[in-house]
Amino acid sequence: MTPIMSKSDAAALVSAARIRRGLTWAEIAKELGAPLVWTTAALLGQHPMTREQAARACAFLGLEDEVAESLQLQPSRGSAPEVMSDPTVYRFVEALSVYGPALKELIHEEFGDGIMSAINFQVDISRRPDPDGDRVVVTFDGKFLDYKW
Amino acid sequence: MTPIMSKSDAAALVSAARIRRGLTWAEIAKELGAPLVWTTAALLGQHPMTREQAARACAFLGLEDEVAESLQLQPSRGSAPEVMSDPTVYRFVEALSVYGPALKELIHEEFGDGIMSAINFQVDISRRPDPDGDRVVVTFDGKFLDYKW
Amino acid sequence: MTPIMSKSDAAALVSAARIRRGLTWAEIAKELGAPLVWTTAALLGQHPMTREQAARACAFLGLEDEVAESLQLQPSRGSAPEVMSDPTVYRFVEALSVYGPALKELIHEEFGDGIMSAINFQVDISRRPDPDGDRVVVTFDGKFLDYKW
Amino acid sequence: MTPIMSKSDAAALVSAARIRRGLTWAEIAKELGAPLVWTTAALLGQHPMTREQAARACAFLGLEDEVAESLQLQPSRGSAPEVMSDPTVYRFVEALSVYGPALKELIHEEFGDGIMSAINFQVDISRRPDPDGDRVVVTFDGKFLDYKW
Amino acid sequence: MTPIMSKSDAAALVSAARIRRGLTWAEIAKELGAPLVWTTAALLGQHPMTREQAARACAFLGLEDEVAESLQLQPSRGSAPEVMSDPTVYRFVEALSVYGPALKELIHEEFGDGIMSAINFQVDISRRPDPDGDRVVVTFDGKFLDYKW
Amino acid sequence: MTPIMSKSDAAALVSAARIRRGLTWAEIAKELGAPLVWTTAALLGQHPMTREQAARACAFLGLEDEVAESLQLQPSRGSAPEVMSDPTVYRFVEALSVYGPALKELIHEEFGDGIMSAINFQVDISRRPDPDGDRVVVTFDGKFLDYKW
Amino acid sequence: MTPIMSKSDAAALVSAARIRRGLTWAEIAKELGAPLVWTTAALLGQHPMTREQAARACAFLGLEDEVAESLQLQPSRGSAPEVMSDPTVYRFVEALSVYGPALKELIHEEFGDGIMSAINFQVDISRRPDPDGDRVVVTFDGKFLDYKW
Amino acid sequence: MTPIMSKSDAAALVSAARIRRGLTWAEIAKELGAPLVWTTAALLGQHPMTREQAARACAFLGLEDEVAESLQLQPSRGSAPEVMSDPTVYRFVEALSVYGPALKELIHEEFGDGIMSAINFQVDISRRPDPDGDRVVVTFDGKFLDYKW
Amino acid sequence: MTPIMSKSDAAALVSAARIRRGLTWAEIAKELGAPLVWTTAALLGQHPMTREQAARACAFLGLEDEVAESLQLQPSRGSAPEVMSDPTVYRFVEALSVYGPALKELIHEEFGDGIMSAINFQVDISRRPDPDGDRVVVTFDGKFLDYKW
Amino acid sequence: MTPIMSKSDAAALVSAARIRRGLTWAEIAKELGAPLVWTTAALLGQHPMTREQAARACAFLGLEDEVAESLQLQPSRGSAPEVMSDPTVYRFVEALSVYGPALKELIHEEFGDGIMSAINFQVDISRRPDPDGDRVVVTFDGKFLDYKW
């Protein structure tokens, strides 16, 4: 018996294949017929794929069955602290540190005592053209859940 | 000479006045003619207000001049760690931990090597009605900045 | 304008009144007609009370209006690290550290990819008589939420 | 002499075999005639198994003797911090952070000065059907131990 | 309503009275008819006293009723990290760091899988005369608890 | 030239041999004619052995010369944080957190300003039969050292 | 006897006076005839001032003698972690995290094994006009110190 | 499929080749026609190189194609904590800790509310001769970005 | 009853009196007839003084009896982390980080398995004239203690 | 191309060779004609050696050229936290925690505002015979550097 390939090893092979084949994440998502951010996150190890999704992704990328097996694993989610301090990711962390308490106030004002779900949840990213320089627009969209006993 | 009231003391008085007068953050923002999230963040101490904004906010809330003086101070921005673990704020932290690496990949794919600015930046929050339960929609919108030597 | 009394100051006064009047948390919960754990948590500052609940609790405990005002505040939830290392609380932390991964496996096996909500959630505590020594039984009961894009 | 296989390596092989054979934790627990959460925790490395339990588990899963030897080892218990921040496990951590002080108050009120044992202790998990969505019910059941000099 | 004096404030007053009256902890323990380490720990805030014990201690030390009220409070146990790095306390921490794994092995060898209770537990300290310099002898004595499902 | 086997690798081989040969730590200590806790700690890597002790231990356990060479190395002492949170070890940590300040007071009262040495020091462990359940008795015995300039 | 005013209290009064009198740091530095960054750092508590400098600064700002006394104190230097995460300061931290290892390589290549002194050291800040947006230019200028036994 | 060589492995090979061939970072930067600090940082893994830059660097250093592939990877930027405590790097950290708050004040005074970009940014290092010992001069030069909603 | 003045409050008053009276630590040590470093450390709160020493120091400095009472208290020793990062103190920390492992090797080589006592210990500081700049010479002098069971 | 052997691997081989050949650090230092503490620190990876020193050390110890190449590398200096908690090293850390603030006061009193250099710096260790037990004497000797703008 051999252990199942870890999700981080699988993600490293997905990245290598993607770069060497000259594919974009968008092309892979299109091939899978799945949302762009979801697909990217899943291939990086944050969501389990179905057997069909994993097989199709590996066929498209020319990867072995061991990778497909790993992509179906239930993940342990989350990122190491060093990932959060990469400048591209850190700007989101900083924005939360500045605007988090205001978002909390406004969620409570609009919806009452509760939270935005991070499970019944989707994220989207897009480019918004702007004469002063195009903009990155990221939308967090989660179901409101009220504290209910 | 007395020190200027700290921004956290000012925020506590703003909150007390807002609640006792039965005002919403939206009503205050409207009174100031300023964006909702910006106004909330500024009154909580994360942005300096102009003299006029501070005076108008304090008049609307029935607060003393000392509060208005504090609201104009240049802040030291950011939230204490215990704020980030409040469940309403934490869901955003968790979403970043799950989707941060995917967002990084997709920013680089779409824009090249760089970041979404957290300075030339705005946040918006809205309610999206949904038959399965209304949704909290938060949009991060920042100018793309490429690494440029 | 004075700031609203902090929830920790209010909790200290609730505790002082409860002990000096010789009341149990169960008697207070009964007076409020609210669940026992919820009532205790709310009076310790983890849930906002309605105006009526706060007024009734303060009347029962002989506390001032300032306490009632504080009890209605939207809380910033969570406990300081030193609270989690008190032996009575730590045993729960230790149990999670030992059984957390097993609970994760079994939630995924029974329900699929998702979580037990900590928002649509209730806790109960009871005494189970046992000839070898009575037992503390604590039940966590939360709605299953599946990862849904 | 070779070292005994580590419990984490053994757990990785147990998981690989379980998935490849299409077995559930419940089926393994039934095969062993042992409680579900206990069995899962033990196979993940948190409890030592008897020689018979280990042999039976390995036979059922088609695993080598080295795995069985490892499963009998006395463990060093507990989970790494990154395990505790996986969202499925974190919800329990968050619930403790919110309700821990209330549970402490109520244990002292009902039983006196002492703790719920985490050693003379069992955990159970079940599904409770609910028209608004089925619920995860987890029961912590430990002997009360009073501070006794 | 005023809050109950904190246990750390009460301990500071106990220490001041003890020193100014020239009393030893041993004399106080004898006055209370209670074990030495238990009495010291209780007066420092780690154990609740009965009404009688608290009253007697305060009478002996010439302390106010507010102190006696505080001494009866259920404590939140444990010491701040800076206390653990005082050299006199740190030597115990260091000894645990060096001998902890060996003690774990020997508890399991002698008793099986389980722990020494820190609740059904007592500590004693004594001086052992020795020609090479007298010795501090500290005995930890706790009931063995085996992992029992 | 090859590096000397690390003490943790040596300890892993000692443990494997001990278990496979069905030996107890007590039998090994008896074979070496050395104290029980010292022997266990030394074989786990916390004390250097003499050439004779190392050779005898390896002969008794059927281990290679490389292990004997490692057992004679001067150690870097102490345990990783994850070892200290294993429940069997943690109970000692918790006892120190509760009773550490009291022990400090009583050492100063009995001996003056100074510490219990953790170097001129020995630990013993024994079983004390008790009708309510046998007890683990651990004795820390160190020379008193006074602050002396 | 009263304690000397803390440097952080003095800095808060300096800031209040500076803002209320409408003075810039540059004007204060000019008044003192001292470098701009040094003056700002000294008034914020990071350098001791001479009696004359402190007196002149307080006269210019209309501050009490207690402030002047504090400004002459030998400081304990450095900033709290929360200061380092303010976005304006954090960009310098991030730049160090990205370029620190390269600066180390180049110092060693140009100067040999050693460091840039942070004691025999000066910092300057200036604005460099640029058609694409003016630039902040900060110069660290320290004596090279080679490792010398 | 094999994973792409990690940037830290590539940096180790670059360093080995540079030292064995007796090349300076300055010679490599000249060969690439790129700024000195940028080139050093890029080869240490903090910036992606173009295909041409990577190929040229590897040809100059006699390195394999696998290294060139790695040098083109988009990096995860930043340094581990142990790098920041190396004395040569730490002096910069210390200078920031001492002068960071002053730099923040002066950026706001000269430019208004905003930051020095660490993305539209360049660093330079030079030697300034001085009779009292030559000096290391490091210039941080970044575009000012104002908080703009 | 009032609590005894804390050692940090006493140290702040000692410092204020010392500065306002224009006294050096050396003059105070001479007045007490005690070693220089010991006296300074004791007045800063790291050693208890005898009644006579405390009275004499307070008389010399013109301080109240409350300070003298505090100076006799048994201290809880050690410094907060922010003290250790002050540059003047940090250089010692850095030297230990660089030379600590070498000192350990050489203590074991010269003395065997054991430590330099930090209790039976004295520190001295002096100025050594040097044409290239005078030198700070600090001597740590502690009794060797061998690991002795 | 192969990477240069890491300094920690080289140090492990130096230690193995030293022990197997029965050499002391003092003998190696004598062979190199270099100071004792410097030599030990350099061979443990904290200082770069010249080509001649490295060759001579490796010849004396019978080590391969790869080790000599590594010994010439510019190091990243400092020790991991677990090294600092080894008891032999920790006593120095503790002494700094107790006497650090006093040393800071006395450096400022004797020399003015500045530091003891840890770069223009040497350490020595010696044995001082004493009838009550020989003593470890460690001398830190660094050039005074005054804060100079």
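Per-chain residue numbering starts at 1, and chain names A, B, C, D, E, F, G, H, I and J are given in the order in which the chains are listed.
Here is the rule we use: contacts are C-beta pairs under 8 Å (C-beta built on N, C-alpha and C of every residue); 3 or more make two chains touch, one makes a residue touch a chain.
Keep in mind that what you see is a predicted model, and the values were worked out from it rather than measured.
S.K.: Could you tell me which chains make contact with chain A and chain H both?
M.R.: B, G
S.K.: Expressed in steps between touching chains, what is the minimal separation of chain F and chain G?
M.R.: 2
S.K.: Check H-I against B-H and say which one is joined by more contacting C-beta pairs.
M.R.: Looking at H-I and B-H side by side, B-H shows more C-beta contacts.
S.K.: Same residues or different residues: which describes how chain H and chain J meet, taking over half shared numbers as same?
M.R.: Under half of the interface numbering overlaps between copies: different.
S.K.: Test of understanding: which option in H-J, B-D or E-F shares over half of the contact pairs of A-H, residue numbers taken as the match?
M.R.: Equivalent contacts to A-H are found in H-J.
S.K.: Report the inter-chain centroid distance for chain B and chain C in whole angstrom, where each centroid is the mean of the CA atoms.
M.R.: 29
S.K.: At what distance in angstrom does the C-alpha mean of chain J lie from that of chain G?
M.R.: 33
S.K.: Taking each chain's centre as the mean position of its Cα atoms, how many Å separate chain A from chain G?
M.R.: Each chain's C-alpha centroid was found; their separation is 42 Å.
S.K.: For chain A, what residues touch not just one other chain but two or more?
M.R.: Residues 76-78, 83, 85-87, 94, 97-98, 104, 108, 114-115, 117-121, 145.
S.K.: Going by the touch rule stated at the top, which chains touch which?
M.R.: Here the touching chain pairs work out to A-B, A-C, A-D, A-G, A-H, B-C, B-D, B-G, B-H, C-D, C-E, C-F, D-E, D-F, E-F, E-I, E-J, F-I, F-J, G-H, G-I, G-J, H-I, H-J, I-J.
S.K.: Going by the contact rule set out above, which residues of chain G touch chain I in the complex?
M.R.: Touch list, chain G to chain I: 1-4, 73, 76-78, 80, 118-119.
S.K.: Touching residues of chain H toward chain B in the complex: what are they?
M.R.: Residues of chain H touching chain B: 35, 38, 47-48, 74, 76, 104, 108, 113-115, 117, 119-122, 145-149.
S.K.: Touching chain F in the complex: which residues of chain C?
M.R.: So the residues of chain C touching chain F come out as 85, 87, 90, 94, 97-98.
S.K.: Along chain E, where are the residues that touch chain I in the complex?
M.R.: Going through chain E, the ones touching chain I are 9, 12-13, 15-17, 19, 62-64, 67, 82-83, 85-87.
S.K.: Could you pull out which chain B residues touch chain A in their complex?
M.R.: 24-26, 36-37, 40-41, 44, 46, 77-79, 83-84, 86-89, 91-111, 114-118, 120-121, 123, 125, 127-128, 130, 132-145
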